[in-house]
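Here it is, the structure in full.
The chains carry the letters A, B, C and D, assigned in the order they are written, with residues numbered from 1 in each.
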Amino acid sequence: MHAEEKLTYETWPAEPEKSTLEAKNKFLGFWLFLGGETVLFASLFATYLSLKDKVPNTSQPLAKDLFELPLTFVATMLLLTSSLTSVYAIYHMKNFAFKKMMVWLGLTALLGFGFLGLEVYEFNHYVHLGHKFTSSAFGSAFYTLVGFHGAHVAFGLAWCLSLMFRNAKRGLNLYNAPKFYVFSLYWHFIDVVWVFIFTVVYLMGMVG
Amino acid sequence: MKRLANWRLFSLFAIVALVLSGCGKPYLSTLTPAGEVADIQYDLMGLSTIIMVGVIIVVMLVFVIVFFRFRRKDDRIPKQVEGSHKLEIIWTVIPILLLLVLAVPTVSATFKLADVKTMDDKNSKAVVVNVRSHLYWWDFEYPKQKIVTSQELVVPTDEKVYFSLKSMDVKHSFWIPAVGGKLDTNTDNINKFWLEFDAEKSNEAGNLFYGKCAELCGPSHALMDFKVKAMSKDDFNAWVKDMQSVKAPEKAQTALAQQGQDIFNKSCIGCHAVTPENKMPETARIAPNLSNFGERSRVAGILDHNKEEVKNWIRNPETYKPGNTMTGKYPQMTEDQLNALAEYLMGLKVQD
Amino acid sequence: MSTYAQKKGFGATLWDFLTTVDHKKIAILYLIAGGFFFLIGGIEAVFIRIQLAVPNNDFVSAGAFNEIITMHGTTMIFLAAMPLVFAFMNAVMPLQIGARDVAFPYVNALGFWLFFFGGIFLNLSWFLGGAPDAGWTSYASLAIHSKGHGVDFYVLGLQISGLGTLIGGINFLVTIINMRAPGMTYMRMPLFTWTTFVTSALILFAFPPLTVGLVLMMFDRLFGANFFEVAQGGNTVIWEHLFWIFGHPEVYILILPAFGIFSEIFAMFSRKRLFGYSSMVFATVLIGFLGFMVWAHHMFTTGLGPVANAIFAVATMAIGVPTGIKIFNWLFTMWGGSVKFTTPMHYAFAFIPTFVMGGVTGIMLASAAADYQYHDTYFVVAHFHYVIVGGVVLALLAGTHLYWPKMFGTMLNETMGKITFWTFFIGFHMTFFIQHFLGLWGMPRRVFTYLPGQGFETSNMISSIGAAFMSVGVIVLLINIIVTSVKNVRVGNDPWGDGRTLEWSIPSPPPFYNFKQLPLVRGLDAYWIEKMEGKKEMTPAEPLGDIHMPNSSFLPFTTSLGLFIAAFGAMYHVDDKGWALPVLFIGLLVTFGSMLLRSVKDDHGFHIHKEELMNEDDNKGVKA
Amino acid sequence: MANQQLNSGNPRVDLEYRRRKSAEEMRYQVISFALMIFLTLVAFAAVAAKGFTAWFTIPFIVLLAAVQVVFQLFYFMHMSHKGHEAPTLFLFSGLFVGLVMIWAFSTIIWW
């Protein structure tokens, strides 16, 4: 199968993300990249864990003074749900239902924006409490870990939108199907990282 | 021709190795251990060297045979062998055994050298030294004796001396090669270990060992040397007494020295203490303590100990230790002022 | 469309190389750039040896000396050895597995340009206020303390080139997993391909910790963070861990491909298949695996405590076992063989005792309690130059001679090759053997001078003379390259006559699509098998058909250039320079703009049609 | 091609079969999503209910996170499907390296 081939509902393959050599390569390459990202985030987690609550003086807030359940919970729900919506998008992609896929992708992006908005609000809130990037090692480690994840979300959103714009007119073909698929992998991975962030940073932070 | 060059090469090594293994100064080399720690390490080094030389010999044996027997002589195609399980088991198992022979003493020595329980025991009489490293100089505090000295560590022989190490600026590493391995002075935490100075070997070395900084710490890292005076327990106790008895700065003996003291009190005393008491917290001790400067063996750890070098140093420390923290902290001195200062400083002695 | 087989002007050739996505041309780029940085690193090494030739020397100042050793280590490891290794991986690995290109030709080019711009950025520090001076390890307390922009150059330059290496690694992995020719099972892959595979996996997992470490240091130095600021709760030991979690696998990233090159050479010039192939593969994987569990052996004196030291000591020693397996398998490959001492074989043969010496001193270092004495002395310097120069550099020199005909279609002169070998080899042992003793006698490393009267004089002099010999060797190699390129005697498919693997079954240099028809692989040493059956060529695995090829692109260059520009903005931002932030944004804009352009433009590549391929054949027939 | 083994010669039948299968799979996805939400709720609840000791809560919520991630990987990201051998190998290798690092940073080698 060539990437340029025009396909129809009938001829659309079962695994469009892997039906050309280029697609197979992209699929595998992206997974490997995620393997590397795992180590990247592990390094950040390790750094965070060793610098948690390391502040120069007692006037600065610690993890247990900062984090609040409700905010984290809402953010978590937004991101988890966006993971599901992107699964739907891929489901429709596999069924060659371009319009539906776009709708679900749009939903995913919307949820992502919601999450990012909450994060901006949250950071702003902490800064007012005296927990700044530059005020302590704890602050640096916190904003770097959570911020790295936030930057991943932001990049994912840009990626998602440019994919949608770029392909709005073209529809689905074997050239862009793997791109959508790989994006969804990325998005799930962001969610995986978040699961550990809310557990290790927020929940464990509140437990003490 | 090629073969010849090879042999020449190896005999060259052999000669070079023989001639030069005699080098290395006894008060500096790790190959002339002068204390229990260095002994343990020397033995480990010896054991591992024997194993390694054995390994090299075996490899060389096969190597040489291959070289002579299997050079290409004709166009024949050799038999394509896949491998040999027997051989492979041999060269897997034997190295494992050899490594075990090395691993066991390694682990036990590692634990032994890290044993500092005595140090934390409040009632122990063991000598403890708090080593604080600074950009290019060393501060030695004896917390139990309540005294401080700098640049020259004084220790009793034939007993374990415990060290507590920390850096006040960037990371350094505390190393007395002839007496034992090094330990880093971190900026984050206190590291602890012990050393023992052998009386007999100290005597042979003239009671003076070389100490070095072993972690890159800036331009003058190479010059961050210190000296170790190892003395018998009695001499050590006497030294401590002398140090403790100095409550006020030593009085200048001559008029010139008096002049020097005045200059010192005006320009230098803000950084340099001249009493050995550890009154100030360690973070406030920002320059070497000079209480017993006249009794030291080096100026700034590296220069010969005489008035001329003292003057040179004060005139322009930057040329001797680039990047040191003394440069520019005091006014330019005239030749007369330098003479006076040198006279005063060389007269600072606690032992009579 | 068919850009091949045409003579072109200089401008066109340059443009061709700036936009190429062909793995063979990228290999040449890596070879040139890596070779260039090797010369720079070598000159720095010579400066070190001149300064240390006599006590109290003032050839360079103390500050400059620290810059020189830092740049020597950094340049040699990141900008010379790794790219040169990448050069051979790019040139040879796709051919060895019977592929037409790598999996991501575009990313391949991007990887090169990122490395190149990172390297240039790092070296510009010499002209812009001083090079990094905290050692190639850049330990945090000193690095944070270091004034000027030197360490910023280190942090940003390595970040950029590290990114290039990482994507290069992913590219090789996917290529090997997905693009092997029919019949090329994993256990039929040549050993160089195997080591490329494991090395790439190490890159994938080792570079992220370095990336994170560099980010933390960048945040501390440029954006006011406190990761390593002890007074603010920071901890400098984090840097040491992150650096060595990267740093130790890094040395295996370098040595494994070297092992791969030597494995090819031993088999070729002994005319024997590699002894114990499967245990060689197993050992390679095991070394890679263990490589991740020993990093703290660089930190024995940091004060991690006896438990950690003991664990890491024993884990480190374990690596001696798989390495020993390799050494003996090589020896027994030659055993019973018909060994021809070509230039590459000289290197391979000399490598064995040299590397064993370096390896066993590694095991000595691993003995934690004894390492308290060795650490940060010239003993360590001797160890790692024995493994790096005696292992990696010898392999790179061997590889240069071995693969030169495959890359450029002409042989290097054998006599000059042997002169290079002997001068370099003798000089090498002169320089570094004596350093073991210097270390044991108490000479710390990274000292810009030493005082007379400590017994260091003679030995340092000998060491410096050795470096002069090595320089002569390198210069002879350069002359060799120039002379043979001018003569340009063309060679056929298998110029050494003993080729065993697929790359020797196609023309030198190969056509840009590599294989007209993908070859059918029937076992280990596929080409050798066919040769032994009296055939001249591989049996094709597919009928002649259209070949799909990727388009060239200038975007890898601009993407990397953008980051290069942005790095200047980020760095001068701390000096409150007005232009810094705009420059940062312009740089990022160029980068992200290029990425966006790449992603919105469909790039389907092009096809070489069957007829063209057949014409090609006819032309050849005429010429021959 | 990966979908070739599904060919029965009649494209319509195949298609029907494929659609049914993926619709079924989608149902599993929704179920696993529900489970993930449930696990998250439990984790938050465990922290909100201040009664437990940290010795219980921390391992417990980390375990919940691990389970949840398994759902993500194996259902949402299809890691259990065929053709994911290399991705699995590399992801777990990365995880292994990462865990060794985290283990080291938080146990033996810290003060």
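A few notes on this one:
Everything below uses one rule, namely that contacts are C-beta pairs under 8 Å (C-beta built on N, C-alpha and C of every residue); 3 or more make two chains touch, one makes a residue touch a chain.
Remember, predicted model here, so these are calculated numbers, not experimental data.
Annotation: B-C is the more contact-rich of the chain pairs B-C and C-D, by number of C-beta pairs in contact.
Taking each chain's centre as the average of its CA atoms, chain C and chain D sit 37 Å apart. The mean-CA centres of chain A and chain B are about 52 angstrom from one another, to the nearest whole unit. Put simply, the C-alpha centre of chain A and that of chain D have 15 angstrom between them. Shown for chain B are the residues in touch with two or more other chains, namely 188-189.
In chain A, the residues touching two or more other chains are 28, 32, 35-37, 39, 43, 46-47, 50.
Those residues of chain C in touch with two or more other chains are numbered 173, 177, 204-205, 209, 235, 238, 241, 245, 305.
Applying the touch criterion to all chain pairs gives A-C, A-D, B-C, C-D. The part of chain C that touches chain A in the complex is made up of residues 103-104, 107, 166, 170-171, 173-174, 177-179, 204-205, 207-209, 211-213, 215-216, 219-220, 223-227, 229, 231-235, 238, 241-242, 245, 596, 599-600, 602, 604.
Interface residues of chain B facing chain C in the complex, by the touch rule stated above, are 2, 5, 9, 13, 16-17, 20-21, 23-25, 28-31, 38, 40-41, 44-45, 48-49, 51-52, 55-56, 59-60, 62-63, 65-67, 70-74, 76-84, 87-88, 91-92, 95-96, 99, 102-103, 106-107, 109-114, 165, 167, 169-171, 173, 175, 177-178, 180-184, 186-189, 191, 210, 212-222, 225, 302, 322-323.
Residue ranges on chain C touching chain B, taken from their complex, read 61-63, 65-66, 133-135, 139, 141-142, 145, 230, 235-237, 270-273, 275-279, 301-303, 305-306, 309-310, 313-314, 317-318, 320-321, 324-325, 327-329, 331-332, 334-341, 349, 352-353, 356-357, 360-361, 363-364, 366-373, 375-377, 422, 426, 429, 433-434, 437, 440-442, 444, 446-451, 453-455, 458-459, 462, 532.
By the touch criterion given at the top, residues 1-3, 6, 11-12, 15, 18-19, 22, 26, 29-30, 33, 36-37, 40, 43-44, 46-48, 54, 57-58, 61-62, 64-65, 68-69, 72-73, 76-77, 83-84, 86-87, 90-91, 93-95, 97-99, 101-102, 104-106, 110 of chain D touch chain A in their complex. In the complex of the two chains, the chain C residues touching chain D come out as 173, 177, 201, 204-205, 209, 238, 241, 245, 292-293, 296, 304-305, 307-308, 311.
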